[in-house]
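The next part holds the structures, each set out as structure tokens.
Both of the next two complexes hold chain A, though its partner changes from chain B to chain C.
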Partner chain A sequence: MRKNWPVLALGAALLVGLALPLATGASSLGFYIEVLLGGLMTGVLYSLVALGFALIFKASGVFNFAQGAMVLFAALAVARLAEAVPLWLAIVLATAIMVALAWVIERVVLRPLVNQEGVTLLMATLGVTYFLDGFGQTVWGSDIYKIDLGIAKEPVMILEKLFEGGILVNKEDFLVAMVAAGLVAGLTLFFQKTATGRALRAVADDHQAAQSVGIPLNHIWVIIWSVAGFVALVAGVIWGSQLGVQFSLAQVALKALPVVILGGFTSIAGAIVGGLIIGVGEKMAEVFLGPVLVKAFDLAGGGIENWFAYVLALLFLLVRPEGLFGEKHIDRV
Partner chain B sequence: MTARAHPIGGVILAVEGVSLAFGGVQALREVSFDVREHEVRAIIGPNGAGKSSMLNVINGVYHPQQGTIRYLGREYHDMDSHEVAASGISRTFQNLALFKGMTVLDNIMAGRNLKMRTNLLLQALRIGPALREELEHREAVERIIDFLEIQAYRKIPVGRLPYGLQKRVDLARALAMEPRLLLLDEPMAGMNVEEKQDMCRFILDVNDQFGTTIVLIEHDMGVVMDISDRVVVLDYGRKIGDGTPDDVRANQAVIDAYLGVSH
Partner chain C sequence: MKVKSIVVAAAVAAAFASPAAFAQAKEQFFPSLVYRTGPYAPNGIPFANGFADYLKLINARDGGINGVKITFEECETGYATDKGVECYERLKGKGPTGATVFQPLSTGITFALTDKSFNDHIPIITAGYGRADSVDGTVFAWNFPLGGTYWDAADMLVQFVGKKEGGLDKLKGKKIALVYHDSPYGKEPIALLEERRKMHGYQLMLLPVTHPGVEQKATWLQIRQQRPDYVFLWGWGVMNSTALKEAVATGYPREKMYGVWWSGAEPDVAPVGEGAKGYNALVFLAPAGQGQVHKDIIKYVYDKGQGTGKKEDIGDVLYNRGLVSVMMAVEGVRRAHIKYGKRPLKGEEVRWGLENLAIDEAAIKRLGFAGFMTPVSTSCVNHEGDAQARIHTWDGKKWVVQPGVYHADTSILKPMIRASAEKYAAEKKITKRDCAKEAG
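Take a look at the complex of A and B:
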């Protein structure tokens, strides 16, 4: 237990930081909750991208740099298909496209590189990233497209009686949270309660042993990349409906990196909790820490949102390299 | 020895002229031997003799440059491990390759993977045939758990068990496949005397009760001689002896290989 103090100290520092704006009266309760909710919503989106990373890393030990590109590709597919067919059909078709993509990636990229070093596979996924970025533009075009989920976007004022000014919330945000929760519940059930899920966990643990009990690695990889593709599609649709489908979506993946470091590379729960912590943390830091920096050090004070996640991830690497929920590796000698 | 429940039958596995090289290192040189149904067949030899390579060739991990392997009369080429598994051959590992993060129960259930038939959706909802199937497999697994006396550890992640028990879970997972041919890679390695005796008993019981044909690798000659019907001896990748334990014990080449002679 004694060795845990750096982790506890970091956790305590985060909590104090979270409480400070309220405690010092720098913010009204209503505004504070608004910022908190905003952070949580961004966090959910980070979580969805991170989830794709975690799934693939768990099952194949591959750090899939292309997850962000897959988000963009899926979102483009949905947006453009939805111009011709109803949205639900566009989503179904795009899912089929992502499954086909998973199959092709397994055939063309993973299978020839089986048993290669992690770095080789990482480079390969880097290649897939650029291919998908470009190929997406080739097929679907490079403008900004929009996905309309058909839900009112204008914010609603709630709890006006409780706080002065009430809280501004967005219906779509709640839907997003529900979808994310449902996705996580479904995936957990799939992993823990089905024979296929058990096979996936087996492959994640030991490739050779999994093969020796007759689990075909190739099928498992197609399944896991398909699932990751579907998760990317969900993330892409939601993100796309809020920001528009554009090239910058692929950059979201870079924010998912600190999330998986925080949550632990192999943990589904970690991806979710890590995403929420980073979403809330960076929003809080931007809104409340920024002005403090301006006043105290006469800095410009902006852009905290851009580096906060990475600094937090760096600190986590120092105190708890396996992440919040990651598996600690104990090697028998 | 008393009369066996499953008398030794015909040849089910024939290794013919198998050679395997890794770059310049010749691991196996034209090795031939056969395995008969229901027997316990040992492959022994000093360190580096090519025992594990031989097992990995049978298991489809390595593909030999020369020679053939005939299983149940059919020759097989370049089969992957999972295809070999699907044809009824299971194995254990010298350096434990268990699913460490999973419980004992899940590890053994994973061994039933090939026997699962229902589709994903039914599994997820745990309804109808999927539930019945899961229960059937669970029963089969429970029998194996009882058989290997690991009832107390069902829900414990395998990584936390002591070494001797992990070896037993490895065996349990291989048995869950209900193999016709079971390959054991140094099942007694790193065990104390008591654990070795337990493992010997389990191996003999598996052979006796299920009629499973067993090929086992071991470098401890004493243990092997007690439980094997026939023994192949390898040295520097060559076969130098083949026969009953008594034959092999009397074989001058084998004695030389183990005690070392000046060539």
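Take a look at the complex of A and C:
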């Protein structure tokens, strides 16, 4: 308990910060709930991308900087293919493309670098990022493309009798959150209950031990990159339908970085909880904290949600370097 | 060994020599700073295509400007200021007389290049963007915000909503939200909107959106809470379509949204489709559509297999703006030929042409731009010409231009421009030009 006091103190401070807009009367309850819901919906999407980071890091120890670029690449593939074939077929074809990409990455990038330093592998994924960003635009184009999931975009008002003006809920956001939650549950089951999932976990725990009992490392890496590619595709399709498929998707997807820092690089639960904390934290900060800071310090203004997520992640890093759910690293000397 | 060294040296010299040195000397070089990749590519591409197609047309149809062939080279900036400056440094010395004029299509890059222009003596055309105070040619000797600035645009929008309310005095107590790109571009209109706020008593909500502008949920939740009477949208690239999507998602009426002229093109509304119906934006110089110049481009450029983009995109809003922007640069060179002769010109000679532009209705018709631009005439003091714009509305499939032409109120703008330009001159220790003396 005593060892955990910095984490508890930070958690308490954040909870107080979260409650302040209501306690000080700066926000009505209805509006507060809307911001909270907006943050949670965004957070689910962050979780989805962070999941891709966590999966690859867990299985191979590689911090895959290219996850954001994979989101863009997959979304571009779906959007452009959907211009020629039905959406479901475009998604199937794009999934095949992402699996092929995983195979190429394993063959061309990972296999030659096996047993190299982590930083070397990180730099390799940086290279993959820039390649995918540029190659994706060369092949699929740089316009803003549409993915139409056929879900109504108009908002729905609920609890109008309880709150003045009601609470705004976006049907698309809600469905998307459900899909993301379903995917997370499915992946968890896959890891826990299937033989492949167990093999993946064995590789994650100890490469050499896994190899010694006959688990093929290269094969596992292709599977894990394919799964990460599929997660990127789901995130890309969802985000693409909301924002349009465009280069910026790769940058938004990088918001998953503070999520994995906060949640822990090796934890699926961390990716989920971290995503929700970052999503809610940044929206609350933008709406309630930003204007207060501008007024109090006579600042020039400017949106704070982009950097606030990193501040939050840094705070957690200071009090718990391995992240909320990460494995504690102990070196025996 | 000696012979071998000479051969190697000659080969190296040949490899590094500028191709221009071997080409005919009667060439005018136009650098083209573009962004065909990155978050702003959907808007940068049509502009760059119009820009390139017009230069190709002048060569193919007219054999150049008064017989002086045009050469041009694109440099990818990605809308990033550092890359823009890099491109500028790389291209400024190209061609027999150096770069003719720079058109960065970025207010951030414009801010960076403005300081350099005083040493390099190369004009910078910023049609509809850049520094609002650079209208003052006595201080900003090399900047040409031809056709309009952000202060003009903001002023016109306030006038428009004032008219809608039944008079500017009716704006008292109304709430106007400015959703802006958090960059020099997005911040430019704030000074004018504040000035007008003091005059008319409306409330101004400032809502910055960080680059590239795809995260706006918090912004639009604030709009939903505050319920402003009007939203002015000052975005670029994907920020515009995202704003419209969020407006749909939060139920804010698109009819109450007014964009600056950089927030009113096809890439801004097409991804939103029907959801963008009713959205309005300013349109200056060139609306969407085709005229004689487009027919010529198809005949002399596209039908010869020399087109830069897709044929079906000819006539889009930003394509046309690229056409008009570079046309004014070409006309600046043509004008300067009157004074300096029909030969390749240096930047400082082109400046004379740009500050003596006289593109009247007859010239517009002759150039094939009838219906696509309004007259522009400049002077040493006024580097902008006459700012005027209209409003066009997205009907779900195309932009429809609304009746009525808006002019910025110079009685408000002139003192602001003078004060800001003088402040800049004092900070940078710039000696103001004496235009009367120069004319004499």
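Here is the rule we go by: the second predicted complex is superposed on the first by the 326 of 333 C-alpha atoms of A that agree within 3 Å, B and C clash if a C-alpha of one lies under 4 Å from a C-alpha of the other, contacts with A are read in each partner's own complex, and residues count from 1 in each chain.
Quick note on the criterion: a contact is a pair of C-beta atoms (placed from the backbone, for glycine too) under 8 Å apart; a residue touches a chain by one contact, two chains touch by 3 or more.
Computed from a prediction, not measured in an experiment: that's the story for all the values here.
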Put chain B and chain C onto chain A via the superposition and say whether they clash or fit.
-> fit
Check the residue A:Q242 against both partner chains and state whether it touches chain B (first), chain C (second), both, or neither.
-> second
More residues of chain A in touch with chain C or with chain B?
-> C
Is A:S212 contacted by the first partner chain B, the second partner chain C, both or neither?
-> first
Applying the touch criterion given at the start, work out whether A:A195 contacts chain B, chain C, both or neither, answering first, second, both or neither.
-> first
Kindly classify A:A296 by the partners it touches after superposition: chain B alone (first), chain C alone (second), both, or neither?
-> neither
Should A:A84 be classified as contacting the first partner (chain B), the second (chain C), both, or neither?
-> neither
Roughly what angle, nearest 10 degrees, sits at the C-alpha centre of chain A between those of chain B and chain C?
-> 140
Between chain B (first) and chain C (second), which, if any, makes contact with A:V119: first, second, both or neither?
-> neither
Give me, in Å and rounded to a whole number, the least C-alpha distance separating chain B from chain C in the superposition.
-> 37
Of all residues in chain A, those that touch chain B in their complex = 186, 189-190, 193-196, 198-199, 201-202, 204-206, 208-217, 327, 330, 332
In the complex, the residues of chain C that touch chain A are 36-39, 41-42, 45, 182, 206, 208-210, 212-215, 217-219, 221-222, 224-225, 237-238, 241-242, 245, 248-251, 267, 270-271, 273, 275
If you look only at chain B, which of its residues touch chain A in the complex?
-> 59, 61, 80-82, 85-86, 90-91, 93, 97-102, 106-107, 109-114, 116, 118, 120, 123-124, 126, 134, 159, 163, 173-174, 176-177
Chain A residues touching chain C - in the complex, by the definition given at the top = 31, 34-35, 38, 41-42, 134, 137, 142-146, 153-155, 168, 170, 172-173, 242-244, 246-249, 251-252, 282-283, 286-287, 301-303, 305-306
